Structure formats: structure tokens, C-alpha cells
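In what follows, a single structure is set out as C-alpha cells and then discussed.
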Amino acid sequence: MASERDLYQPPQEGLRARLYEIIFEASTPAGKAFDIALLIAILVSVLAVLLESVASLRAQYLGLFHLLEWVVTLLFTIEYALRIYCVGQPKHYIFSFLGIIDLLAILPTYLSLFLPGTQYLLVIRVLRLLRLFRIFKLVRYVQESQVLGTALYASRRKITVFILGVLSVVVIIGALMYLIEGPEHGYTSIPTSMYWAIVTLTTVGYGDISPETPLGKALACALMILGYGIIAVPTGIVTVELAQASRHAEALRCPHCGRGGHESAADYCKYCGGGLSGED
Amino acid sequence: MASERDLYQPPQEGLRARLYEIIFEASTPAGKAFDIALLIAILVSVLAVLLESVASLRAQYLGLFHLLEWVVTLLFTIEYALRIYCVGQPKHYIFSFLGIIDLLAILPTYLSLFLPGTQYLLVIRVLRLLRLFRIFKLVRYVQESQVLGTALYASRRKITVFILGVLSVVVIIGALMYLIEGPEHGYTSIPTSMYWAIVTLTTVGYGDISPETPLGKALACALMILGYGIIAVPTGIVTVELAQASRHAEALRCPHCGRGGHESAADYCKYCGGGLSGED
Amino acid sequence: MASERDLYQPPQEGLRARLYEIIFEASTPAGKAFDIALLIAILVSVLAVLLESVASLRAQYLGLFHLLEWVVTLLFTIEYALRIYCVGQPKHYIFSFLGIIDLLAILPTYLSLFLPGTQYLLVIRVLRLLRLFRIFKLVRYVQESQVLGTALYASRRKITVFILGVLSVVVIIGALMYLIEGPEHGYTSIPTSMYWAIVTLTTVGYGDISPETPLGKALACALMILGYGIIAVPTGIVTVELAQASRHAEALRCPHCGRGGHESAADYCKYCGGGLSGED
Amino acid sequence: MASERDLYQPPQEGLRARLYEIIFEASTPAGKAFDIALLIAILVSVLAVLLESVASLRAQYLGLFHLLEWVVTLLFTIEYALRIYCVGQPKHYIFSFLGIIDLLAILPTYLSLFLPGTQYLLVIRVLRLLRLFRIFKLVRYVQESQVLGTALYASRRKITVFILGVLSVVVIIGALMYLIEGPEHGYTSIPTSMYWAIVTLTTVGYGDISPETPLGKALACALMILGYGIIAVPTGIVTVELAQASRHAEALRCPHCGRGGHESAADYCKYCGGGLSGED
């Protein structure tokens, strides 16, 4: 796992080097303080967007919300500029996943000057928490999400086959229900019937549309029992892959001391400190 | 796994052989172009059927939808005739699974001349995508669906026992709720009560019918907790079978070089190329 | 697995022995014909009960339904009398599980002479299908249900702990929602709130009662995410037990020839025919 | 597992020792009688709280409910005082988990003298059943819940990552639906939209709010299929951890006689009686 440090090639000395240490790393007191301030700013600004959408609160505190939004946006803009300034290769940062999120976190406020309503897109700031996830060295959590990610990645083909199969069932059942129930019972078109089929197959069951003819109810019952049965399939897929990912992680052995039981994402042996990849 | 090629006995030379290569195979540029054209035609025609069912779009673009439907149907009819013409044994093709789907994909348009409404059955064209699935040599996806298929086939008896059990519960609970709640609370007959029981047991819960008497609510609670518990059963069944199918695939060893780890659907060893079945 | 034969001690000769062979066994042509007639009688009579409950059909065919009900009931009564007559130890049969179901299958018709409505209890006849299950020697299906049964039995304590935990959550959340939402939003009492909590926790979600205050919605969200998480628990329990039951069945070895891979419910080795329990 | 006995340091002799034996232990006839009386008092008092909340019953039996509540509360208060009196170190008891529950079980009645409505908080008495759980020496049930607890504890990080991921999806989808559907279709604010997103993602689906625009329905379909897929993740996590906890329990071997197959919570070998931890 290459660290963020290597990706952006930090400058070796001077103001830029000190700024880099504060903004991108968390090993110095100043860096930690910066991260905590960032965490608070993100949470406050997302909360402000959520609460601003409540009509009664908007009527009362509109000025406060706007002030907060602009203060946080300006702070994030300054932070974004500093990040570009202090990394060795700005391009790498700007087009990295986290760099794009940093940009998307400030754009909507400026856009809202021209297009009203876009300020609600600011909730994308919640994705900035991903940055803290990495910076705070929440290593074990990152490892756990890697095990989950590995299992989901390994099951991608089985899950694709499964979803294509589900969608074919949805198209065919949707067309049948449109013919059986018809627009007078709420099945106004095949796409609407497909929406109903997905609502039923996933066992959500809003009840905004529901079958009313005996034949429609019988077909719905068949679809529900089918849905009940096939919910077992993705569960089975993910469980088997998770079990294999766990076994693989357990079987990992240190090439130096020979001891096993390391986390699958560990780079170094937890007993002797030697590199687990054998390239150290 | 016998290939489609062997099933239909392609002609060895002449126009039929060239047509066969284009229509049934994807190894030549012409064959690939044909497959892509087929993919687009299928998606466009299914989309047209879906959108035609939307009242506002039908009012506006009725002519366009009809034109599209007839153009695609004529193309598919020509394709169907050519397929019959160029295979060595037309009977094998006509009564094969894919051959029947090819026929069903063109019939509803002709039927709609006599029976209005049948054009919505054209969504069956979505099944024609199965053909592309095979032709495009999406080998790994086919393998994955075989692992899923093997696991589901191996669990067929357990699942049958399970569904028979569920249906018995549904009949008995349905009759009890009909007696307890009665027609005045929406449980107008035992079949309707059974529909409600299935809606509840599968956790869909439309809410079009729901218990209103205290005793009915108590019975519904018991049924819901039961449904919550027994949803674990099919999941457990499929997971165990999937784990076994995966283990079996991993344990498969080449009789020539002795190496394992082959896909369960592989015919040849990926290391030495020898036949895995040992019959090569 | 002791057979039904041993339980009821069939008479050795005479009319009773011949009747026993026809009614309790399926190895002779007459026995098979009896079983098929029984299957048809059960399905027809259950179907008649279901359809009689539909108001429009009852109005039209009331006479036919009553005739059918009485014909089937008389046939079942004669069958019940014959069963008692031909078994060696009538008490064993009368108080056996299947014997009680046979009695319950005829009682409601006679009761309906005094208590109207009880004829709907006739759906209990659906349980008579269990008898056919055994008689038809659907051995593999019985074995599969035994594997399921073993797994569920082995998980009974974990599932009990789980359900007690769920019920405690339901009582406490139900009381909280009653305080938060109150009767004016449909939460008319704590038992009603508990009904809502079960509907929510099991992800059924009828929508007949749903939270309307912000605090109630927040608590409902917490409950839903909790329910989403804990649905994993029974699934995990059953899967682990099913995997162990499967492994156990695979590990079973014949004491005579030493070969394994027998069904967990097999009494004899499928390779050499020797008794698997080693007591043969 | 340290026993409750060691925690509270029971007095060695005198009245306090005899009281301790009756109240905290269940090995003498008096102790067992006390436990059964406690069980009945808890169930009766919780049932009284539940039924008192039903308007029709409250109107009719208000006096009876109040009498019951005060009688049980006084009994529990005396019991609480005696418990403090007879343990060696009252502080240990008062601040233990069970001690706090014992206090919470009597407080609401006294509070209801000043704050009406608080008597419904008495349902917390249901937690007092935990005490019986331990006292009744339901050892195997405690062991089973420890296996469940171990599995859930081992999966805490994977589940945290999973829930954080789900919440991020909920915030972003909630904001999008607020923009797409708007207040006129019931999505009155982003928090309300988030409530809808959780109702949908967990497949509860009340139907109190449901998408009405085509774009909203399409997004809802994507969310439902996503929810259908990710319900597999916690299930997979818990199953794998449960399987490991089970394997671990099976692998546990006695250091004295070497035999395995002990329950994970066993302190002593069930064959030779030696301490399993090897410290005995």
C-alpha cells in the first residue's frame, strides 16, 4: 500500500515543507490540531446543509446558515489552494480521488450564486470524511474495509450475473403485471410496473402500488417467494468470499520469523517487524 | 461443455458456411460487427416496448414506436430465417432453448395484428441477450453462473422442502386470520388472507391489508418473527452449497501436471493445456 | 429411524392384514392407488375450503361445496375407522402425531353443525399431506428435512437467546415510542407500539402506523438499522449449524467397507449395504 | 468467568449471610422460592404497565393497576435495600450493571408522583429478567449468548465501517431525493429524505413517503437493489465470525486430559474436571 506521502512527492524544506507537514500529515501536534479542526468544519457544514433544508429552521436562521456556509467554503477554498501550493506535483493531487472530492466540496456554494438550489449538493462534503479516515491512521478500520473490499471485488462477477438475472425477471414480470392489472389499478406503464416489481422483489413493499386482481395477487405471491429465495444468493456469495478472504489473511506467514495470523493488509510482521512482502 | 458449434453442425463451405461464421460466431470482424448490431437492436426494441407503454409518450410518438417495432421485427425475422438456412440441422436449432427464444422474439408483433395488447409481450426479447452472453465469449461470467447454478441445483431438494413448509404455514395462518379478522377488516376470503400471509412472511409488507384486531395483531407478530427466523434457512442452504461448490472447484487438479485451482467449468488445465476431464 | 410399520404392529394375516397393507403401505399396486386417491381427496377438500371462503363463489356454488365437504369428510371418517380397526395397537395410532391430525381433519365438519364458521378449520387437512410425504417413500426429501431439522435443533438455544433479546428490545422501544408519539399518531397503547416495533424490526413495514414526529423518526431509524444488523444473527447461526450438519454427514463412514459420503439419515451403506450404525 | 459471589464478597455468617444465600443464590430451597417469586413479580409488573397503557383497560381498572404498581415497587424497594444490606461491599453492587437496573426498576414509580407519564418507563423492569438468567444457572444459555457476543465483538470494526458507509450513502441519496422530489411529494427536508432513505435501504418500506416522479422512482430502484445487495454484508461478516467462534470452541483442549469439544465458556474440563485455563 503506497502511502499518500509518496504519491504527492512532498517538498523537502522551506514553508511548503512545513505546510505539507501540517495539512497532509498527522504526526506533529500542529498536524493533529489541523485534522481535528477539519473534522469539526466538515461535520458542522454538513449539519448546516441538512438543517437549512427544514422549512421552519430556514425561515428563522437563514442568515446564520448563509454565513456558516460561506465561512466554511472560504476556509475550504484556502485549504484547497494551500494543498495545491505545497504538494510537489499539483497535477497528481488535483486529479486524485481525494483531490476531486476537495474541489466538489467547495464548488456548489459558488454555483448557488447562479443556480439556486445547488447548495444542497454541499452534502457531498460528507465524503471529505474519507480524508480523515486515512489521515487519522485508523489503520485497523482501513484494513477491515480492505477485507470487505477484497470480498466484494472477488464476488463482482457472480454479483453482476445475479443482478442481470434479477433485472431480466423485473422486465418480464413488469410487462406481465401491466397486462394483468392495467392502468386502472396503478400500473400505468411498464416502467411503473418494473418499479413495482423491484419494490416487491427486494421486499421493500411501499404499498403505493399493489395488485388488486386475483391473478395479479397470485403473480405477486410467486414474485415474493422468488424474492425471498434469491435474497439468499448475494448473501451466500459474500459470505463465501469473506470466509476465503479471512482464511487467506490467517494463512499469511512472515518470511523472516515464519509466524502467521497477520492482518491481510499488514505490511510488516507484528512479531519480528520484517517486511511481509519479502521485498524489504 | 459441448460448444454451440457442435450442436448445430455448421456447414463446411459455400455461402451457408460464411453466413454461419457471421451469425453464430464472433471470431471474425464481420461476426463481431453482427453481434454488436444485434445487441443494439435488442436493447432499442426492448426500450421501445417499455416507453410505448407510457401513455404520454405513446400519444406523441405512436408512429415512431410502430415503425421501430416493425423494422426490428422484420430484421429479426430475416435473421431467424437465415439461422435456419445456415445451420446443418435446422431441427436442432429450432427446438433448442435459444431457438425458441428467437421465435418468441418475433411472434408477438405478428400476433398484435389480430390481438391488440400482445405487443407488450415483446419484452421477451430481453431474453435474447442470453445469446450475446454466450457469443461474446464472456467465458468467466458463464463460469460464475455455472457455480451459482450448481449450488442452486444441489440445494433444490432442501429448498423444495422449505417452500412446501412455508406454503403449509401460509394456508393455515391464512384460514386463522380469515376467522379472526374477517371480511370487514379486508380479509375477504382465505385466498386473500393467504396473499396477506405471504406478503407478511416474506417481509414485503405492502400494508394494503393489515390486521386491526388485537388478536390478529398478535398472530401477525408471531408470523413476522417466524418469517424473520426462517429467512435464515434458504440463506444457510445456499451459502453451504456455494462454499462446497467453491471448495470443489479449488480442489480440481489437472491429471497431466497435477496443479489445482482451476475454475469449476474449465475444460483444459490453465498451466499445461491438458484436458482436465482426463479423457483428452 | 424406526419405521411406521414397527410402531403400529401390523397384524400378520386375514382381512386386517390386507387392509393394513393397502392403507399404511405403498409397496403394492392397491396401496399405491389408495395413496394417490388420498392425495387427490386431500387437495380437493383443501381447495374447496379455500374457494368456499370467496363470497362470490360461495353464493353460486354453496350446495356443491357442502356436498364435497360431506363426501370427503365421510370418506376420511371411514378411513379413520379402518385405520383404527387394522392396526395392532389402536392406542399407539390414535395418540401418534399423524393419528391426531387424521382426527382433526374430520372433526371441524361435525363441529360446524353446532358452531358455524368452524368449517374453515378444515384447512388443517393440509397437514395430512405429511402422511403422503412419508408413505410415498420420498426418502431423500425426508433426509433433507432431517438435515434442516438437525441444524435448527442444534441452534435452538442460540435462537432462544436471540428471540428473548429481540423481545426485550421490542418492549423497551415500544414504551419509548408510546411516550414520544402518543395516541394522536396511532401509537394508542404500549402493546400497539410493540406491534409497530416488531413490524419495523422484521423489516415488514406495513405503514399502517408510522412515526410522525422528528424524534420518533430518529428512533425508528435507529431501530431499522439495528434490525438490518441483527437479521444477520439468525442467518449466521443457521448457516454455521447447516455447515456442521453437512460436514458431519460427509464424514460418516461405513463400519463395514470404510467408505464415506453417506446422507446423514442413511441407515445402510450405499456401497456395501451394511448397517451404518454398526448394530446390524 | 468470575462468579457474582466473588464480586460482592458475601458475609461469612449471621443474618446477613443467610439473607445473602436467599437473595443472591439459588442452591437452597428458600433461594429457589425467592427467585420464582421474583420472576412472577417482574412479569406481573411489566404486564401491568403494558395493559395500563390501553385506554379501555385503564378506564376500567385504574385503581387495580396503581395498587399493583405500588405493591411491586415497595417489594422491589425492600429487596433493593436488603441487597445493599447483605453484600460485603455495597459500592460494588450499587454500581454494577445489575445493581443499576435494580435501581432503575423502582425509580419511575416514585418519579411519577412529580412527573406524570414516567410510570411507562417501568418497562425497564423487563431488564431485571437478566438477573434471573444468571441466577437460575441457565449456564448453557449464557454460554450460547457468549458465543454470539464473541462473534459480534469480533465483527465490531467491520460492522462500524459498514454502518459508516451506509450512513454516507443515506446522506447523499437523501439530499438528491430532496432536490428531485421536493416538499410537494412529501420529501419536506433533507432529514426527512434521509429517514425515507433508511426506510428504503433497510427494506422496511412503510410507504408513508414514496417517490412519485420518474427520476425519483429510478433513483429509489437503484437504492433498493443496492440495499438488497448490501444486506449480504453484515450477514457474511457475522456468519464468518460465528463459524470462527464455533471452530475455536471445538478446538479448545483440556491441559490435563487433552480432550477437546468443550463449550467456549467452560471453565472446567467436562471429562476430568481440571481447569481449562491451565491456571488451576
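Read from first to last, the chains carry the letters A, B, C and D; within each, the first residue is number 1.
Keep this in mind: a residue touches a chain if its C-beta (ideal position, glycine included) is under 8 Å from a C-beta of that chain, and two chains touch if they have at least 3 such contacts.
This one's a predicted model, so the numbers in the text were calculated from it and none came from an experiment.
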Farthest chain (mean CA position) relative to chain A: C
Proportion of interface numbers common to chain B and chain C (over half same, under half different): different
Which of A-D and B-D has more C-beta pairs touching across its chains: A-D
Between chain A and chain D, centroid-to-centroid distance (C-alpha), Å: 31
Separation of mean Cα positions, chain D and chain B [Å, integer]: 44
Sites on chain D at which at least two other chains make contact: 191, 194, 203-207, 231, 235, 237, 239, 243
Chain D - residues contacting chain C, complex: 46, 49-51, 53-55, 117, 120-121, 123-124, 126-127, 129, 140-141, 144-145, 147-148, 151-152, 159, 163, 166, 191-192, 194-195, 198-199, 201-208, 231, 234-235, 237-239, 241-243, 246
Chain D partner contacts - residues on chain B that touch it in the complex: 203-207, 235, 239
Of all residues in chain D, those that touch chain A in their complex: 157-158, 160-162, 165, 168, 171-172, 174-175, 178-179, 183, 188-191, 194, 200, 203-207, 210, 214, 217, 220-221, 224-225, 227-229, 231-233, 235-237, 239-240, 243-244
